[in-house]
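Letters A, B and C name the chains as they come in the text, with residue numbers starting at 1 for each one.
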Amino acid sequence: MLSKKAWMGACALAVLAFTTSGALAQTIGFSQIGSESGWRAAETTLTRQEAEKRGIDLKFADAQQKQENQIKALRSFIAQGVDAILIAPVVATGWDSVLEEAKEAEIPVVLLDRQVDSSDDLYLTAVGSDLHHEGKVAGDWLVGAVGDKPCNVVELQGTTGSSPAIKRKAGFEEGIAGHDNIKIVRSQTGDFTRTKGKEVMESFLKAENGGKSICALYAHNDDMAVGAIQAIKEAGLKPGEDILIVSIDAVPDIFQAMAAGEANATVELTPNMAGPAFDALAAYLKDGTEPPKFIQTESKLYTQADDPQAVYEAKKDLGY
Amino acid sequence: MPENRPLLHATAVTKTFPGTVALDGVDFTLHSGEVHALLGENGAGKSTLIKCLTGAYRRDGGEILLDGRPIDPRDTLEAQTLGIGTVYQEVNLLPNLSVAENLCLGHQPTRFGMISSRAMSRSARQTLAQYGLEIDVTRNLDTYSVAVQQVVAIARAVSLSGKVLILDEPTASLDALEVRMLFDVVRALKERGLGIVFISHFLDQVFEISDRITVLRNGKLVGTQAIAEIDRTRLVNLMLGRELEQETRESGRTDRPEGEAMIRFRDFGRGGRIAPFDLDIHAGEVVGVAGLLGSGRTETAETLFGVTPHDSGAASDAGKPLHLGSPRDAIAGGFGFCPEDRKSDGIIGDLSVRENIVLALQARRGWTKPVPAREQAAMADEFIRRLDIRTPDAEKPVGLLSGGNQQKVMLARWLATNPRFLILDEPTRGIDVGAHAEIIRLIEELCARGMALLVISSELDELVAYSHRVIVVRDRHHVAELVGAEITTNNMVAAIAADREAAL
Amino acid sequence: MTAAKAILRRVAPQLLTLAAVLGLIALVHPGFFDVSIANGRLYGSAIDILNRGAPVALLAIGMTLVIATRGIDLSVGAVMAISGAVAAAAITSGIGLVPTLALALVTGIACGLWNGLLVAVLGIQPIVATLILMVAGRGIAQLITEGAILTFNHKGLIFFGSGAFLGIPMPVLIWLAAGLLVTLVVRRSALGMLIEAIGVNLRASTLAGINARVLLIAVYMTSGLCAALAGVIAAADIKGADANNAGLWLELDAILAVVVGGTSLLGGRFSIIASLIGAMIIQAVNTGILLSGFPPEFNLIIKAAIILVILVLQSPTVRTTLAFFRRDKASAEAKAETVIQ
């Protein structure tokens, strides 16, 4: 990790040093957690693109998964007198004092993607997705797809005890509630990874009559679904036909699978948190319009009808 | 010696382990005010008897009377409170506590419920003063020599028990001066009326300190006799159950081989370990090395063998330079080395006798050329027979053998490589009488077959017996070389003890 | 013949444990031993165990040798991630299958060389020395994949993860072959004995002329190579290199496999076969939990409980106690017989 950090640190410094502040353009600081996942990398890319689109001078700081780095970055933004700050907080607690400093300096702060435990008058708004809602969208899709036919669902959960796993599970169950023909017969964690998704799916197939009694797979993220698709293929079944597949996140690879007819639907966790954030900030800086305290991003459903190949082409260079 | 009621009286003590009878109806009596030596080869039953007396083992049969009352200690603690204390060869105190704490552990003087370290130190000083030991009792035990630790252990055992003191090979790792000091302590305790059981492999010491001796063999009592009524030969015969020729040589061997030296060391030394020395090694010659512990004898051996490579001088082999930068170099040059500390430097405890014997040969051949399994077995069997290694079979882990047999395995390891020059550091330390004699015989036999040997030993008699030449080491310098008839214990002691100024 | 018997006696506890775990799984999942042929390859839960256990089995081979020298290699999970990433990056750059494999394996060997130099030359304690690469390695892998899952579609490389030869999945063939090869090399040459010797007593071995330094480095390099093989298989299995998750915590499973296989962490006597069976025991427990249908919250507790039982049964104290009871019973029976006579 050392060398990686050194490299990342060098990049972050370079970005800080070489971003020149235009006199007229708004200057906005963005403290990103790091790049622990493809989704996070895409969020960074899209934030840059959205800033460029609006002529915003974006100061980017990579925290390499450390809160102390984020607090340092925020203080440096405050010292530079930026117009606003975006932050994707790495943890929920410990932000009070630095947020108060920003408030005293009259710099609005927008939280991206994750929440903090501080009082909500310390930040302007939070932009994020509703994990529970994502699960419900997936459940609603399945209800529509199977109609009245009986359907045994197997579920690949996220990391046990993590909030996405808990909320996406509950949301999905809410979506299929009242449709007694749809039953979750097996539910096991795949740790959000392809390898475990594949391994667990293999055991589901063995446990459920070689997969013949499985009608659909619900995976808490696309990576596990991609692993499971391979397991289903290796078992001699056709994913997408013999077993319907719905998952969440909408990463590029699942669109390839959808284009090949091997996956049916995915619910987007949009990496474009910055767009709505910039819009809210623009309104606030212009005439003081207070946005709501939580701006929910759209949990868009993609199916095979949405030209998955085109979506893949659009998404593949975002850094996923 | 008072001939009244014995202090300790054990009759028909029996102890069996699965498959063996370790003690078979052994009688043992100890009077107060006597030093009673308990002798026997390894496995004779000495330690089993001791463990039965001290409660470490529960005996299967027999009776033990202490002061006329039957006792049946369930553990060593109970034996201690009854009055039987034990001091082992490996001092079983706590090295990282102070001397005073070690002495008072478990019964520290307290003041208002707190341990009073001042009172503790005072009582510790008083206790040790009785033993003629005046040391800083607040320092950690491990800052003192083994001999001092030994005395502390004895002081603790005596203060806790006070009737019977068992000394299990207390002198095994002491040098001559330290043994003297220990014996003074033992004599003082004898005066105070304690009964002392003394176990040792060193017959000189047995004859020096004991009043009576009891000999065990194969778990049975061979006999108990007053020391005045027995001579050395008779004693060894009792122990071994066979005749052993008495070593009577008075001075070193004079049949020193003539001719050119095989290996020459010039200005050979290692900073901080051994001062540069010159040494010529001839084929068929035994060079003895005498000196006290820490004088530079082991350092000499380790520098010769490349364990701590020399940083001055050079070695040559028949005029050609010989590179000795590591043990591997030395082995390639035909050297072998049996280190002093067999357990940590010699044997590979978990590996079998066979593997231990083959190891050095295998290492020299390289991993790609394994010694075939059949050859290994044949080699192991041959050495087991030739050196009379007592082991049920060649596959037994060597760590389970007795010290003497481990030493023979070490010798076998080097003999398997067919060395020209074999270095033996204390080859007879801590091994029983039988193995002791066999190793000495082997040294002579190897020498006769043309091997050169360098033997380090604390037993000067032994050096006299087999050496053609003796190097005397003192303060990390080679200070004297005795040849042939000059080699007598007196001359060696004189050289070791000589004042440095006088020598200069 | 006697050698085979000796091996059997050595691995008997592990085989019994494996049989017990498999029996337990068959109780909760009756169709467990069913094996059919699907897509031209053997298909069934038992095959899954052999197949899914491949990474840990491969790691356990190298780990056994390292542990035999009284060392430990914590970096194997990270080395898997690195070599998987190297393989994915190489194959997507289009250099072809053979150079890709060579590059990935050489990467693993280089990681092992690094560990070996730290341990054998600089004298750093193995647990500390390999911790460095354990922490840094995943970062290196992330640099190679640029933080994302680097996917590939090269049929040849994918074959090593999900292909089959004569119906047997490739990963199974690879770990079996690697285990057999390493066992043969160490036991047919003198390596095994020399490794055990330096594990039991490094100083005495050096004094006996063993080149411990070179041997140690070679052992860590073997461990690196095994980890690289495991990394290639893991990447090929999911057609992508996942720097964040490939081999995550597998070093601990590999150590556990060696311990369950009865090789002491204090070094010395080792058995690769027993470690491989140990790996299968661990995978059987994992697969059994998945098949059982318990909620995932119980996974770790069940696994811990089973491993605890296995280790307790193998502990010296319990073993001697069991042996004592057996002997007691035997002698009681013997006595009874004499009474009858």
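We take it that a residue touches a chain if its C-beta (ideal position, glycine included) is under 8 Å from a C-beta of that chain, and two chains touch if they have at least 3 such contacts.
Since the model is a prediction, treat every value here as computed from it, not as a measurement.
Visitor: What is the graph distance from chain A to chain B, where chains are linked when they touch?
Guide: The fewest touching-chain steps linking chain A to chain B number 2.
Visitor: From the centre of chain B, which chain's CA centre is farthest?
Guide: Most remote chain from chain B, centroid-wise, comes out as A.
Visitor: Among the chain pairs here, which one is joined by the most contacts?
Guide: The largest set of C-beta contacts joins the chains A-C.
Visitor: Please find which chain has its CA centre nearest to the centre of all protein CA atoms in view.
Guide: C
Visitor: Starting from the mean Cα coordinates of chain A and chain B, work out the distance between those two points in Å.
Guide: About 73 Å separates the centre of chain A from that of chain B.
Visitor: Please tell me the distance, in whole Å, between the geometric centres of chain B and chain C computed from their C-alpha atoms.
Guide: Measuring from centre to centre gives 45 Å for this pair.
Visitor: Averaging over Cα atoms per chain, report the distance between chain A and chain C in Å.
Guide: 35
Visitor: Quick check: what residues of chain C touch more than one other chain, meaning two or more?
Guide: Within chain C, no residue contacts more than one other chain.
Visitor: Please list all residues of chain A that touch 2 or more other chains.
Guide: Within chain A, no residue contacts more than one other chain.
Visitor: Would you pull the chain C residues touching chain A in the complex into a rising list?
Guide: Going through chain C, the ones touching chain A are 29, 31, 38-39, 41, 43-45, 48, 52, 135-136, 138-140, 142-143, 146-149, 151, 162, 234, 237-240, 242, 244-246, 286-287, 290-291, 293, 295-297, 299.
Visitor: Per the contact definition, I'd like the list of chain B residues that touch chain C in the complex.
Guide: 18, 305, 307, 327-328, 331, 337, 339, 344-351, 355, 358-360, 362-371, 413
Visitor: Taking the complex as given, what residues does chain C use to touch chain B?
Guide: Interface residues on chain C, with respect to chain B: 188-191, 193-194, 196-197, 200-201, 203-211, 215, 268-269, 327.
Visitor: Could you pull out which chain A residues touch chain C in their complex?
Guide: For chain A paired with chain C, touching residues are 1-5, 7, 35-38, 40-41, 157, 160-161, 186-189, 191, 193-196, 198-200, 202-204, 206-207, 210, 223, 226-227, 230, 234-236, 253, 319-320.
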